[in-house]
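Notes follow the structure.
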């Protein structure tokens, strides 16, 4: 019997966050199916996609993990928990089980430190990078970082571990650049935000950032439009920048900005292949006209990273029967250049990624995209910005050191 | 006007409006509780379900569209949804409540939890879990006139909600206090068996109440759905309706609205003025604490029926 | 035919007061215990431990706790999630502040701290009753979770907003942390919960339990025959919270290993435990176990059956699973509103009559 | 008949009790006493305030005015648990048993005030706690034997027929070993045979333990036969007080309560 | 009255060999049969727990609420099978039960309770109001308390209310379960006078479950005695009143004289008619 590459997919197609979980899961699924249909898998070895529904719930995530991790024949090659809560559960577990975890743009930021977290990856960027980039972008728009002094920047955040992520970075930045930082928490699920936006109306911040999720995003954007807050001064994290978030606000959302580490749209060659091999063959789970949505592309790029890591592993270990440990090696040596991306049908889709033993967060660059309400389209409006290493790096160092101390981990040597 | 004062006013108005929105959900609870002593955990899901059904009748891409190739105009969709809610009420009576006459409140409560699961699952299967922007032509956004002339921020949708709520509450209150059926409903809530013995048909009564409460759920679903899109989270607003319900009293229709206003204003003022001091997001527990504080003085809620304690 | 009390005479009240006065019951319980202690550990792997047995046992403990309060004393509580959080955070703070402290002591202390908090939030129960009381406990729920989320001291100033459990041993065997053996975790929880279930059973069949039930069934009459509502309700809150706190401690420490206050201890948690005791049987220790089994295992069973067995798409399976869970809850309530424990009792009674009808 | 029955000092005196609820006056200036060891009946038409009187005596209702002297101590009102622990036990007109509990457990609750062992001991159910439990169980079994309800020992009381429930309620009150036993219509809903049994229980308790008994009852046969003295209330006021014979002959009582006797037609 | 001599009536209600099981396991009625003739007053007697209330509840179909089911036998009313008919349908056909233990609607006022009793009636407000006044005539005490919540009335007042509420439906068959319980002696008489009056004037049929045997047999025409879920004896009221066993156990007149309660020196060992 032929070897198969087990790739679990932790979906959440039910529960309060399903609207976001569905496109992501579809993107992930479609890309892998496309590989199977077009190339017979990765380097000819078929991918066995194991779906498991977590409903974005930590406990169900744990159950999924335990259920899929030892799936024959290869065991789970790489796990994408798709929820910060689940990621935290899996960090210690997967490290013991020796299964690589890729929390792409979420999870524990300090996992960027590969020395402390040999099994955890969070490239291409972390929340702290995102926060830093927002500050940079604002500085640029204000005509220079020095002009940040005396400005007021609010953060509307989901009152959870996820939402609280950028606070430290922003506090540090506020200290450094002299702007006033104003955090405003919104409770789950976030249907009622009147108080928050009344405060914003009163305090009149110059900029508002948002770390939101699910229905909270939609309501926030609507409220912002209602109080006539200028949309081009309203920045959402990459999880607050999908079609779902802006569509309900209609024209009011026009000009809204969000972070991104990949392009939106379905006009890349890979999408054509997906339509041809997956949709035309009736293997799709989603609807054709939703291909290329922001979260769809995010699922797709996650699949690309994972499969490239597997390809890498095959090359490095010179076998087609890779194991999770080999995939970890493959991931640690990932070098996804623009040329390779073009080969994959993703020209100009995202920035190149290079992972090393000690850097599991990769390039840590973020771009900004903007919503055009009349065309109902997102489009990238900036280049990729670098993070602010002087602010973020010490934070990563500090937190990973704390983790290492708490758990008696001796950071490995990466040379 | 003094900007501080203006802002305070704005907060109060915002609170009142939010309160009305909660009250719409709370109202559905009250109806069912008053008429059968059932604490209907599924009320939130019923709002969701109603909104989903409504969306499906009128939006392109829904079942109706796919099967028959056309969609209904708003008014027809609303009428059809009402029919759906009535059928739902009938089904609930036929397959659940009928068997649970004279059980303790907590058992009935549990049954409605089962119901919530069923509705959620069926809703998911039928309509999918995507966000559905609901637009039945209600005005959206802030009132420009108030914003331009008085620098006062008031959502138009919420004004509509307030008017609707006022009408609903008046009609329902009259219905309960003045009519034969209203009296029968209260009798049923007191003692199922005795109600049966005087010839009240629990089945009819229950179908009526659950239908009415389904219609109220539709109204709440429309308002909240217009505000934040129709999606699963809609069912969670029930949690915001709870303190309202408790404060107003489980058995009082006007209580739902007064409770809503108090909670709305209270929590907004707390969040805006107190929140920043302690780190924010205190709205939720504050609403409950507020309700608790009232209960300590009136254990049956502001307008609830006195709890009879006798030996 | 075989299940009879006949011929088993009790000569003193002590044996009549025994937990399982009928010999057949005693044998049955012993057999179950034997399997649980001596057979199951050989089959527990990570999946069985983390996805099945630990959730079941730990929720059973929480359910016993809530059942003492709601099922026996009649005070509806929706604060279970919040109280579990108190237990979990106490464990986290204690075990990080005093790494040398024995883990069992940590659990007990966490329970004790939770008991204190529980009593505090139980005070309104003296005036507020029924579903109205749910508000007091909901206030506790929302407030506690908010507190743990907001105050960094509880999180040891971790920037991640999460707490994670350091590895701890008992008698040289690792119990917490990712490296703990599944059978060790399982056995530890089993023994712990077994002991506390027994203690709970003792409590409810003695004076304290009777005064709780009296308050539940008719608080005014109870007061008039000399049961002090204050004392009875607050002890119920204390003991219940003690159990729930320990459950929270195990939930975080042994099972999850890491937790974020908002998600792990949210309101859903409170509802879940409440469902367990209602479906299992209010006022029954056995019911707490049955309810926990139903609510934790049923979804997994259905999911595995539909996805692995019927090869249904994962989403469809999930939707059907949610629907079916609801249908089953309703179904069982209709068959027997007083829960599985009662069904079990009726089954035994029928067995006693069998094969002669009446 | 009461010639050979001797009573001590008053165990309880109520003086000038006024009780009203909103607009409704339930009791108005009622005073009477109950002597140690007697069987005292309280009668009167429906809604006269009899049950309210018992509620005042054991502290469930707080009178607006008046005094209660119990065992020499005078106070404005009782507190329920105080009444219970100082030896006043009662049964209720609308049965107030703990429906979810067995007969045995219900009667055991009557011993609650007498049990001491704390929570921890009980959880362990070892040594002292177990001993205490068994001691009280022993006492309760005597009550059960006395009332002849052995067969329903383990039945949840909610399922018992009405008359049995009344008997269990009496058992619960007896288990508290009261000095003053208040019975609110203990024989309502019983047939003659059962009433006879009940009377016997009441008289035996009174005889054997010297328990003082206050009894509300509408069956005049019972009242006439077993009570030593009778108070008659009407519209919240005391209209007569005396031996059964005196009361039966009282014109006001006949008008307000007994009606024209129709034994002859 | 058009019909001076009440003709020998057919059976209005016929209960045929019914068996009732509570909670799946508790067998309570073990084959009870009885007949209630049109315009009759029939008494159902028996000790505590004999199954009187259960019989009545099976007729009015109120058992379901207590998880009881009629597993065998049939019940016919006006020669139609009514077993399984919903309680409200039965009320519509004129069968009303006064339940044991009062069961008033606590939160409704006394007057609202009475009005609820007329729920099934369609003959207009005025007629209903007339009947409310009639009930107040029977029970003046209720009139005094008309505005207070039923939950706060005294036991006896609630009992009057329960009876009054049943009358409000203008039924043709009333099942009275321990109607005289907790009522002052005058009122007991009053209730039976009402029974008599309604029976004679309005042709209402009664089935009475009673502990007060003496009273019940004096006012009824026929009686059944239930023991342990079985009918052990039945007959004309007069013959039952004459029966030695009935005298001894239900009327307390052994020999000639009524004994004093004080003189009963031994608890009675209950005599069973049937093993």
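Each chain carries a letter (A, B, C, D and E) given by its place in the written order, and its residues are counted from 1.
The definition used in the following text is that contacts are C-beta pairs under 8 Å (C-beta built on N, C-alpha and C of every residue); 3 or more make two chains touch, one makes a residue touch a chain.
All values reported here derive from a predicted model rather than from experimental measurement.
Student: Could you tell me which chains make contact with chain D and chain E both?
Tutor: Touching chain D and chain E alike, sorted by label: B, C.
Student: Count of steps on the shortest touching-chain route from chain C to chain D?
Tutor: 1
Student: Using each chain's Cα centroid, which is most distant from the centroid of chain D?
Tutor: A
Student: What's the chain with its C-alpha centre farthest out from chain E?
Tutor: That would be chain A.
Student: Between A-B and B-D, which chain pair is linked by more C-beta pairs in contact?
Tutor: Between the two chain pairs, A-B has more contacting C-beta pairs.
Student: Where the CA atoms of chain B average out and where those of chain C average out, how many Å apart are those spots?
Tutor: Roughly 32 Å separates the two chain centres.
Student: If you average the CA atoms of chain A and of chain D, how far apart do the two points sit, in angstrom?
Tutor: So the centre of chain A lies 74 Å away from the centre of chain D.
Student: Could you tell me the distance, in whole angstrom, between the mean C-alpha positions of chain C and chain E?
Tutor: 47
Student: Taking the mean of the CA coordinates per chain, how far is chain B from chain E in Å?
Tutor: 44
Student: So which bits of chain A are touching at least two other chains?
Tutor: Touching at least two other chains: 13-14, 159.
Student: Give the residues of chain D touching no fewer than two other chains, as numbers and ranges.
Tutor: Only 60, 92-94, 96 qualify.
Student: Can you tell me which residues of chain C touch two or more of the remaining chains?
Tutor: In chain C, 220-221, 224, 318-319, 322 touch at least two other chains.
Student: Which pairs of chains touch one another in this structure?
Tutor: After working through each pair, the chains in contact turn out to be A-B, A-C, B-C, B-D, B-E, C-D, C-E, D-E.
Student: Can you tell me which positions in chain E touch chain B when the two form their complex?
Tutor: The contact residues of chain E facing chain B are 60, 62, 64-66, 86-92, 96-99, 103-108, 112-113, 115-117, 119-120, 149, 151-152, 165-166, 168-169.
Student: Where on chain D does chain B make contact in their complex?
Tutor: Touching chain B from chain D are residues 55, 60, 92-94, 96.
Student: Mind pulling up the chain C residues that touch chain E in the complex?
Tutor: 346, 349-350, 353, 358
Student: If you look only at chain C, which of its residues touch chain A in the complex?
Tutor: 46-47, 50-51, 55, 96, 149, 158-162, 164, 166-167, 177-179, 256-260, 262-264, 266, 300, 303, 313-315, 317-319, 322
Student: How about chain B: which of its residues touch chain C in the complex?
Tutor: So the residues of chain B in touch with chain C come to 39, 95-96, 99-100, 103-107, 109-111, 113-122, 124-125, 239, 242-243, 246, 250, 278-279, 281-282, 284-285, 288-289, 291-292, 295-296, 299-301, 307, 309-311.
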